[in-house]
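There are two complexes below, and they share chain A, which is joined by chain B in the first and by chain C in the second.
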Partner chain A sequence: MSNIIDQVADKVLEIVSGLKETPKGAFNIRVNGKGVKKSSSKNIQIVSKKDKEGIDIIVAPGTKGETVHIPVVLDHSGTQELVYNDFYIGEGSDVLIVAGCGIHNDGSHLTQHDGIHSFYLDENASVKYVEKHYGEGTGDGKNVLNPITNVHLKKGAFMELETVQIEGVDSTDRETNATLAEDSKLVVKEKLLTNGKQEAITRFNVDLDGENSSANVMSRSVAKGDSKQYFYSVINGNNKCAGHSECDAIIMDNGFVKAVPDVTANHVDASLIHEAAIGKIAGEQLIKLESLGLSEEEAEARIVEGFLR
Partner chain B sequence: MLELKDICYEVYDEVLDGDKEILNHVNLTVKDNDFMVITGPNGGGKSTIAKMIMGIIQPTKGKILFNGEDITNLSITERAKLGIGFAFQQPVRFKGLFVFDLLKFAAGRELSVDEACVYLSEVGLCAKDYVDREVNGSLSGGELKRIEIAMLMARKSSLSVFDEPEAGIDLWSFKNLVEVFQNLRKETSGSILIISHQERILEIADTIAIISNGEIREVGSRDEMLPKLMEDSMECTCLKRRGEKHE
Partner chain C sequence: MSNIIDQVADKVLEIVSGLKETPKGAFNIRVNGKGVKKSSSKNIQIVSKKDKEGIDIIVAPGTKGETVHIPVVLDHSGTQELVYNDFYIGEGSDVLIVAGCGIHNDGSHLTQHDGIHSFYLDENASVKYVEKHYGEGTGDGKNVLNPITNVHLKKGAFMELETVQIEGVDSTDRETNATLAEDSKLVVKEKLLTNGKQEAITRFNVDLDGENSSANVMSRSVAKGDSKQYFYSVINGNNKCAGHSECDAIIMDNGFVKAVPDVTANHVDASLIHEAAIGKIAGEQLIKLESLGLSEEEAEARIVEGFLR
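So, the complex of A and B:
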């Protein structure tokens, strides 16, 4: 019994987007390189692009409290796609966008989704964007996700980006570029766990161009096994502004984490902070939880779970 | 309940370029339902004993028996499962774990918010403000300390060990702390072992042990030990005063 697509796709859909049935309102569900279900609402238009793969999401000015779901599932080993999604968020609107990409790869072929997302937020618009990446499957084909997110915030706009990658993605190179006009604000929360031989690169490039603009980029990650993580965060303060980036990583086994802070003040009233902390789980944390009856493995798992919550 | 038999502990000391004795043939018994306070000068080995009971450090020589079972080589987890609980002198912070999480781990089961609130209220914290607080740098030392004690209340161990619970707690909380231990006594059927310098905690003990220079100097009932301790501290003060006059 399937509720949306089929059993395999439905399971992955639920993991990446929380959907148990076809959503109400505006949505676009993309499976194996094609849009399979799509719907617009009164205030939110979803339009397929004619010249390339992807959609335009157009939110009418003043739209409040609506949710847009745009999940992607790949369950045919060997599918590779490049998709362009453009979001036009009207003045004064406030919406939640739930994206996410899940790969179920039982084959031996490289399976890859590269999404290029561009957000254009009009004055005083507000968006929360949630994106979850996930991979599974019994095959030895690699699961690869390389998203690029471009954010353009006009005066007074606000965007919160929450990205999560917890499991099964062999390689990811995530790039986020943002330009902020006056009084606009960007908050980024990244949560990342890599294991085995997985590799994850995160790049943030934020230009605080407008007066009183602000950005807060926070990354929490765990590198297990032989996995490698690279975190590059560039914040340029080009006006009176506030920028903060924070990379907090737990390293385990033979993991590798590199964090490169890069803050540049081009204005005397730019206030910029970067924090980076990398370290293994503190011995005293393990001892504390063991003294409450947890085994070392359970203690580690609980600490990692909490850290990435 | 708990027996420390001929416990020795030595660590390598760089200055001495040799082993330094921290505990020297310590023998100590905590009886069932006993409320024991171990006191003595700083650096005497009190905290070492507490950590050794929990299994955080291993003795160089000697045996630890818990309810007759030799637990010397058991891990921290195994000892916790047998019923030993430990409140750290300096509580640990956890990014991402909430007070509620720690209380649930301590209880070893799911807890309702109401149950968690009972433990937090006992240590003087307004429960609804704390259940969902992250146990990170946003909590003060005193708050962490109280949460540490609440965890041990939720744990309901048959032997609860507190390493200097008063350290880092402000005066107001301290008054409550004594009540907390009095309540803990009433509510738990187990033994309580507290490492402390505080007279008011000594006053509610059944048994007091004095340790200095890694050796147990004396163990006895509160009524027997308190006057001696008072005498010692008077002597100390007098000596200090005399010393000042001589100068």
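So, the complex of A and C:
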């Protein structure tokens, strides 16, 4: 197998985007502050911005079943970047977009990627967006990721966001803002694990503006070590709509979790539900697995793995 | 039946405290900014404060099955008062305290009662505290009630707060702060109905400081007309503890409801759950009652009545 970039970058690239080779179709691979490989396809244009860092991803109306890969790798300690990516998803199209950012930091410098992603989904467009965040490296430089995701759903549009942060990110403040027109739907699945001194802030702001719009925000997280997690989820029901927000958190060691949902009904036909549960792994679950021969640590690891799967 | 105060005040008194005659045992009846009738009992002292408006209620250790009535009536439009009541509940006692404030406002002046109630429950003391708020009158003067309730629970203490606001209060901002020592327990049941241009703010701040402390905060509310409700509930789990917060709201007409729970686990053995649901009365419920011969209005009224019972 030939290298996509080089050995270190390729490993990180595979972890955050699943890529083992240069992908087919539309993609943009960004390494250490520069786009290094880029390709458009017949239906999906990727155009570098002229006025600032970032790209426009333009999906033609009716495009179905295609995938866009836009991974980012930082392996020079000290790289800090702010990138703007705008996604224009044409009417009636249905695409998978795989983003993700991995940092390999062997140095002592703050290494940081802040991505501002704006999605404009035209009528009846459908997007599944997967974003993985990952850090590694032997240095003591911090790995920081602060993404902002703006979602604009027109009539009948559907978007599913799947965000995963499993390891190695010292600090993250992730903000997702969404406005939904009539009959549109947003599904968010967040999975988060923090450890050591890591801090993670999650902010969702969802405006259910259109009739029959709906949002389902689900967060599952594990706070280990001395890590801290803050979960803020604002859902405003401004029309006949359905909103659901759910935050399940497991705390271990000296983990800290704060959950502050905020649901507001501005319309008599808004139906809003929030649920949050914070606690440690139930004793019975551990005992059951230990009775099958697992050590306490193995049992805990197994339960966490299942919870975040 | 002889009057307690006079005809108008007696009617309001009965609504907020259930009293039809001067009660037996310990009581303090406050009318238009002054204590007008007061009685201590063998085990329960009621002492007027010297330095400010209000009373100290001192329950002797081991007092069981006694009731304290401390209702407040305002029927002079324009009366505004700030009252401090402190409750010292002796070790191992078990008492019922019935408070409540009713305003009869036939005038055009703001009429306002702000009560600051502080409860100090000694070890294994138990209190049920019932507080009813009510307003009426033909004037256009506003009826305002802003109570602050501070609860301090020592080891093994138990307190149940039942607060009810059904009618006629134009504006209310109710704050309840509680700190819980080991093995103590707090139960809060709030029932709230707003209508017209009324506004109601509820704030709960609960610190679960002691091992095996627990809190269960339940709010049921109905927002009719153009009324607005804000529900803020903060529960901090600072030890091995269990916290549960639940907010169920029905919206009707142009009602507005905002619910912002805030649960924080500062301890690995803290178990915290929050649930909130906001929506209108389910269609099936209405149809079922309408099929039994009720009009839509009657069916709605029946459902609201059951929900707030």
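In the analysis below, the second predicted complex is superposed on the first by the 307 of 309 C-alpha atoms of A that agree within 3 Å, B and C clash if a C-alpha of one lies under 4 Å from a C-alpha of the other, contacts with A are read in each partner's own complex, and residues count from 1 in each chain.
Methods note: contacts are C-beta pairs under 8 Å (C-beta built on N, C-alpha and C of every residue); 3 or more make two chains touch, one makes a residue touch a chain.
Worth saying up front: this structure is predicted, and the values here are computed from it rather than measured.
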{"item": "Which superposed partner A:6 touches (first chain B, second chain C, both, neither)", "value": "neither"}
{"item": "A:292 touches, of chain B and chain C: first, second, both or neither?", "value": "first"}
{"item": "Which of chain B and chain C A:307 touches, first, second, both or neither", "value": "first"}
{"item": "Partner chain(s) touched by A:279 [first = chain B, second = chain C, both, neither]", "value": "second"}
{"item": "Partner contacting more residues of chain A (chain B vs chain C)", "value": "C"}
{"item": "Which of chain B and chain C A:140 touches, first, second, both or neither", "value": "neither"}
{"item": "Contacts of A:256 with chain B and chain C, given as first, second, both or neither", "value": "second"}
{"item": "Common interface residues of chain A - those touching chain B in one complex and chain C in the other", "value": "none"}
{"item": "In the complex, chain B residues that touch chain A", "value": "54, 56, 75-77, 80-81, 85-86, 88, 91-92, 94-98, 101-102, 105-106, 108, 151, 155"}
{"item": "Complex contacts: residues of chain C adjacent to chain A", "value": "237, 249, 251-266, 268-280"}
{"item": "In the complex, chain A residues that touch chain B", "value": "220, 248, 282, 284-285, 287-296, 302-303, 305-309"}
